[in-house]
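Shared between the two complexes below is subunit A, which has subunit B as its partner in the first and subunit C in the second.
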Partner chain A sequence: MAPRWVWRLLSAPGLLFLAVFFLVAFYAVVAVGLGNVTTQFQPVPHWNPLDWNVGYLREALSNLAPGGQMWPVVVRTVLYIAVAMALTLLIGYPVAYYAARCAGRWSGLILALLVLPFWISYIMRLLAWTNLLASDGYASEALNALGVDRLFNTLGLMEGDDWLGGQPVTVIIALVYGYVPFFILPLYASLNRLDQRLIETSRDLGASAAETFRRVILPLSRPGIYAGMVLIALPMFGDYFTQDLMSGSPNTNMVGNIINGYVQGGPDKSLGAAMTMLLSAFLLIFMAFYLRSLRREQREAE
Partner chain B sequence: MNDTSVPSPSEKHPEEHSGVSRRSLLTGAGALALGGGALAGLVGCEDTTTPVAAAGAGGGAGIMGDPTAGGPVDPAGIPLARVDYPVTLPLIGDPVKPGEPERGGVLRVYNYADYLNPAVLNAFGEENGVKVEVSTFETLDEAFSKLSTGGLEFDVIFTTTDQISRLVGRKLLQPLNYDLIPNLRKNVWDVLQSPYYDVGPRYTVPYVLFTTGIGWRNDLVSYDPAEPIWDALWDAERYRGKVQLLNDPREAIGAALMRAGITNLNTENPAQIEAAIRDLIKLNDDVRVKVAINGYETLPTGRIVLGEVWSGDVLSAAISYLPKDVPATALSYVYQEQGGPIANDMIGIAAAAQKPVMAHRFLNYLLDADVALENFVDFVGYQPPIRGIDPASLIKDEVIPPNLANALVTPEAFASANAFLGLTVTGQRLWDRGWQQFRAG
Partner chain C sequence: MKLRRDPWGHPRGLALVTWIYIIWSLAPVIMAIRFAFNEGRSRTTTQGWSLRWFWQDPTLSVFHDPSLHSALEQSLTLAFFAMLIATPLGIGLALGLQRWRGRGSGIANGLTLLPLVTPELVFAVGLFMLFTTAFKFIGLGTTAQVIGHVTFSVSFVVVIVRGRLQTIGSDMEEAAADLGAPPWEVVRRVLIPLLIPAIGASLLIVFALSIDDFVVSQYLASGADTTTVPMRIYAQARAAPTPALNALATIMLAVTLLALLLAYLVFRFSTRGQKGGSAIGQLAGLDARIDAGGTK
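On to the complex of A and B.
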């Protein structure tokens, strides 16, 4: 094996590339969010921290805080993503488990199928769904013929029979659909690495299959679950096109849509940048949680 | 609005002029694009506080072009046109000299989606040895944001009356050489030879006309067009979830203003805008509107049954988007004849155009009577203001179904139009914040 300094040297350009592009981008957002505007409300970024102006940040905070104008959007976003993540876990875990541990010679095929969706970009696939789910679309006709719309109506999850008519359930399912592969792949890797001998030992010592799963497999796959969860939670919070394409109604707008509205729209780009900063700060919580569990896993491995 | 407070500029920088170099902004732009693109609109924040109009306005008809003449001005200091207050835009740069059109390569066009007949584009391309490539935008604000970053380069830009002054103010358009566009004089309606938004004209040629009104499916909806028109949306509880509101802050808030009887569609009165937003929120609570601009597609297929649409949407629906089992007679349209919005889109040439002479030729081509007709009735459904294209004969020749006759605009109606036009930056902010409040749901 090459000495450590070789790898350090080889990784340096890549690390520099990632760091520079991330930091510069993020700093530009900060400079605008903490910047100023001209008398014509054109944003003027303040690159020097000594010049920072917290007016917009304060306004964004009061908008997004409980009782603020955008508070309902915050609640809605958290709710949608919580439900979407729970569904992702329920759908994704069995698939990852099966592919990693039971599929035998089919495991390669299943993995290939999981990667398959990336052949076509998420937006293109959503655009296809907008046609399938339109009231005269095949998917929508099939679902309604099966009575799924009536079931959802009875459960209070849907209103009417128009799947694209501002239905939270459509937005949530679309989020799950879009992000579930990102959850499965890291979980698959983690389950695949799981030491078979530990499971055998558990069975040999008299644990039932269910108990083995609960007390051995599940705890050991926890880092994979967390990794998958964080990997999908971060982009979901910034996602705006899923909602745009699947609903477009003010009733289902998420935080990403509001930020997009400020940034694309009129003379309030600084407020949009400040909101982006707050969202990033909020997502840091997830990141910290993930990094902590990663470190714990490493410690345990040692 | 709960919060209209503006963070006060810090004392150090009461008015920023020179602190930011173009280069630093472009660096930021590249980085932002990598940062997910969400903030791509932030860049190009170069100073716009110097009134451009003051610099080079000379020679215009009347008082216009003089920002000191009073009346509202836009962010670049250009007076805001009103239908009764025509504006001569300041000349920035020189029109291109006549010459050989730049053949070969790509002529880049920036436009709404589905707003140009591909057959027309191909024919122009073949005739002139150039490939016409259309990039599309969803909203004009999005288009302006992207254009002002300087990252997108186009030859031909489609836009509207309320955008034109800020495009000129940001130096994104070049003055046109009308000698290269003889079809303007030859074919376009008299009322648009020297329009109020661009006296001269200097920067634009008109493209298509439209009114804003209510479109509905008369086979699925019982609606009496005799009732006050804008009430139709608020009274549509029965069609909850299948009612469209235009995804355009001006048009959407405008509908609420008109319903309240307000005739100034460019009002900057906070009380009026706040009331309009409250009405829109109530509308959404009661009717759960779809906020979209694709009524031309959703109305004929029944995905919406009633909605705020542009007149061209129902014509386009009848021409291009009818499913087999829906007759064109199932579509109806009504608009507010007194004081309702009647406007036109226009075409300009980008200041940074690589093929300015070819772009002129393209504008001239679209104003050819036969081409304009083909573009209109074979695809776009929005009517061009061309003399040879007469509303009465379109109906007689069964090109347009008679039940949609009122979706066609006449020169007389246009001459007495009301319109959504440019706002001062404070006004823009007022409308935009109201719109965001509505979008919070």
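On to the complex of A and C.
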């Protein structure tokens, strides 16, 4: 067996790269968010923690807190993502279950078709919808002919008949469309590993199909559901392009749009950095949860 | 995969839901590709068939419009360099982490896994701040974009290669070492050849991640000549005057699928008669993506 230093040496370049461009890069966000600006509003990072200035962080916090200027955006973001996740679960679970357990001789084809969206750029998948939902697009014409726009109007989910004109419904469905594949695959993997004998035992012992589902299958697929949920929640909270392409209206802005606007557009890059810090702190809860379960699985595999 | 008996018999309802979902997930993209072959200028209705928007149109086609084909060149350049840098870094990292026990290994593992679950926006803001402050000497532009793409794809390589290392076990290596091969020879003559399929899959996944990336490319761009295909699509999706944009997206997708096919053939060829993992699954990076749960 090769001595230990060989292995450490092999991993050194990669670790160094990640340390600089991942850890130090994140520290740059902290340094800018807790830094200052020049008279031309150019950010001046404060690398030394002793010089930190909490002004921007405090401003970001009061903006995003209840009663703050951006509070409605925070509420909207959480609402959109919660509805999108619920719909994702509703669509994704049956699909993953069928593909993993009942597809029989079609399973190879179905799996390939479920993986395909991974290889199509997310932006291209949204481009496809901008074609179909334009006012003279096939999808919006079909939906309007079926009266779906009028139904959504009466339900208060939509205003007017322009599907790309700042409709919350369009943004939420686009989020579902965009992220469902990332939910289905981890769930597929966990359902695929589910022990068939447990289901058969439950049936043999007299449980009905519904009871077997509720008391055996569902509890066993819970880790897969949680993993998939976390996996799509994380990028959704940082998403700004779905909203931009499917609506573009400030009325459907999400937190990602606000951060993107500060960092890329306006003079308040420091405020944008401070908001990125807050978002990361919030998402760290999800990340910690996910990494813990991932590590546990790795340890079991070894 | 073998046929499984299900306590529900054949669930027609589930089958229906699944097929409707598959159609819903793919049909829009097929329509977008269809519009790229339009004869007319519409991007919302079908208007005959032609290759006008690929190269026939003398000014507006992908081939003749500099803003479109420069985006294509930039995307391919970034993917090429990202592939070339991220794959060896990731392989080294995977080999090291696989055998590294004890002090420091927890931190090293965490550092490798963390990028997989970090939202792209956080990544992009971080690198943007880094290259506009402390690393001003690099600045924004192609170099920064390549570094960004390597940063988010290295961890995928690590997951793929570690998966393969687990499949092949350590018997061969130990045999080589027992027969007197020095450590570097073990790596070069035993491990690397066994890792060829994983290396192929890694190259492909880095290529695809890089080609599809939008957020990091956009934050680290420095102007028109660093615009990539997804950036061009994002900028014009709502306002593009002709289906040339769809043609551009179609070319990009064709390149990705071609790379996928190529890697699949390499994978099939190099793992003939070996056990472990389905070819499609491993190749598609599916195993890696499921294990790592990356969402790009």
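Just so it is clear, the second predicted complex is superposed on the first by the 266 of 302 C-alpha atoms of A that agree within 3 Å, B and C clash if a C-alpha of one lies under 4 Å from a C-alpha of the other, contacts with A are read in each partner's own complex, and residues count from 1 in each chain.
Basically, contacts are C-beta pairs under 8 Å (C-beta built on N, C-alpha and C of every residue); 3 or more make two chains touch, one makes a residue touch a chain.
Predicted model, so just to flag it, every value in this text is computed and none were measured.
Look at A:122: by the touch rule set out above, it reaches subunit C but stays clear of subunit B. By the touch criterion stated above, A:84 is placed in contact with neither subunit B nor subunit C.
After overlaying the two complexes on the shared chain, residue contacts for A:176 are found with neither subunit B nor subunit C.
Looking at the shared chain after the overlay, A:229 reaches neither subunit B nor subunit C. When the two complexes are overlaid on their common chain A, residue A:26 makes contact with subunit B and with subunit C alike.
Once the two complexes are overlaid on the shared chain, A:164 sits against subunit B and subunit C alike. In the superposition on chain A, A:45 makes contact with both subunit B and subunit C.
Applying the stated contact rule after C-alpha superposition, one finds that A:138 touches subunit C and leaves subunit B untouched.
Comparing subunit C and subunit B on the residues of subunit A they touch gives the larger count to C.
Residue contacts after overlaying the shared chain place A:220 against neither subunit B nor subunit C. Shared interface residues of subunit A, touching subunit B in one complex and subunit C in the other, are 21-22, 24-26, 28-29, 31-32, 43, 45, 47, 134, 136, 164, 238, 240, 248, 256, 259-260, 263-264, 269, 272-273, 276. Contact residues of subunit B toward subunit A in the complex are 1-3, 5, 7-10, 12-13, 15-16, 19-20, 24-25, 27-28, 31-32, 34-36, 38-42, 45-49, 75-76, 139, 141-142, 145, 240-242, 247, 249, 284, 288-292, 301-303, 323, 425, 428-429, 431-433, 435-441. Contact residues on subunit A toward subunit C in their complex (touch as defined above): 1-4, 6-15, 17-19, 21-26, 28-29, 31-32, 43, 45, 47, 91, 94-95, 97-99, 101-105, 107-108, 110-132, 134, 136-139, 164, 177, 179-182, 185-186, 188-189, 196, 199-200, 203, 209, 212, 227, 230-232, 234-235, 237-241, 244-245, 248, 256, 259-260, 263-264, 269, 272-273, 276, 279-280, 283, 286-287, 290-291, 294-295, 301-302.
Against subunit A, in their complex, subunit C makes its touches with residues 1, 3-8, 10-11, 14-15, 17-18, 21-22, 24-26, 28-29, 31-32, 35, 43-45, 89-90, 92-93, 95-100, 108-115, 117-123, 125-130, 132-134, 147-148, 150-151, 154-155, 158, 166, 173-174, 177, 183-184, 186-187, 208, 211-212, 214-215, 218-219, 229-230, 233-234, 237-238, 245-246, 249, 252-253, 256-257, 260, 280-281, 284-286, 289-293, 295-296. Contact residues of subunit A toward subunit B in the complex are 21-22, 24-29, 31-32, 36-47, 51, 53, 55-56, 58-59, 62-63, 68-70, 72-73, 76, 134-136, 159-160, 162, 164-166, 238, 240, 248-253, 256-270, 272-273, 276.
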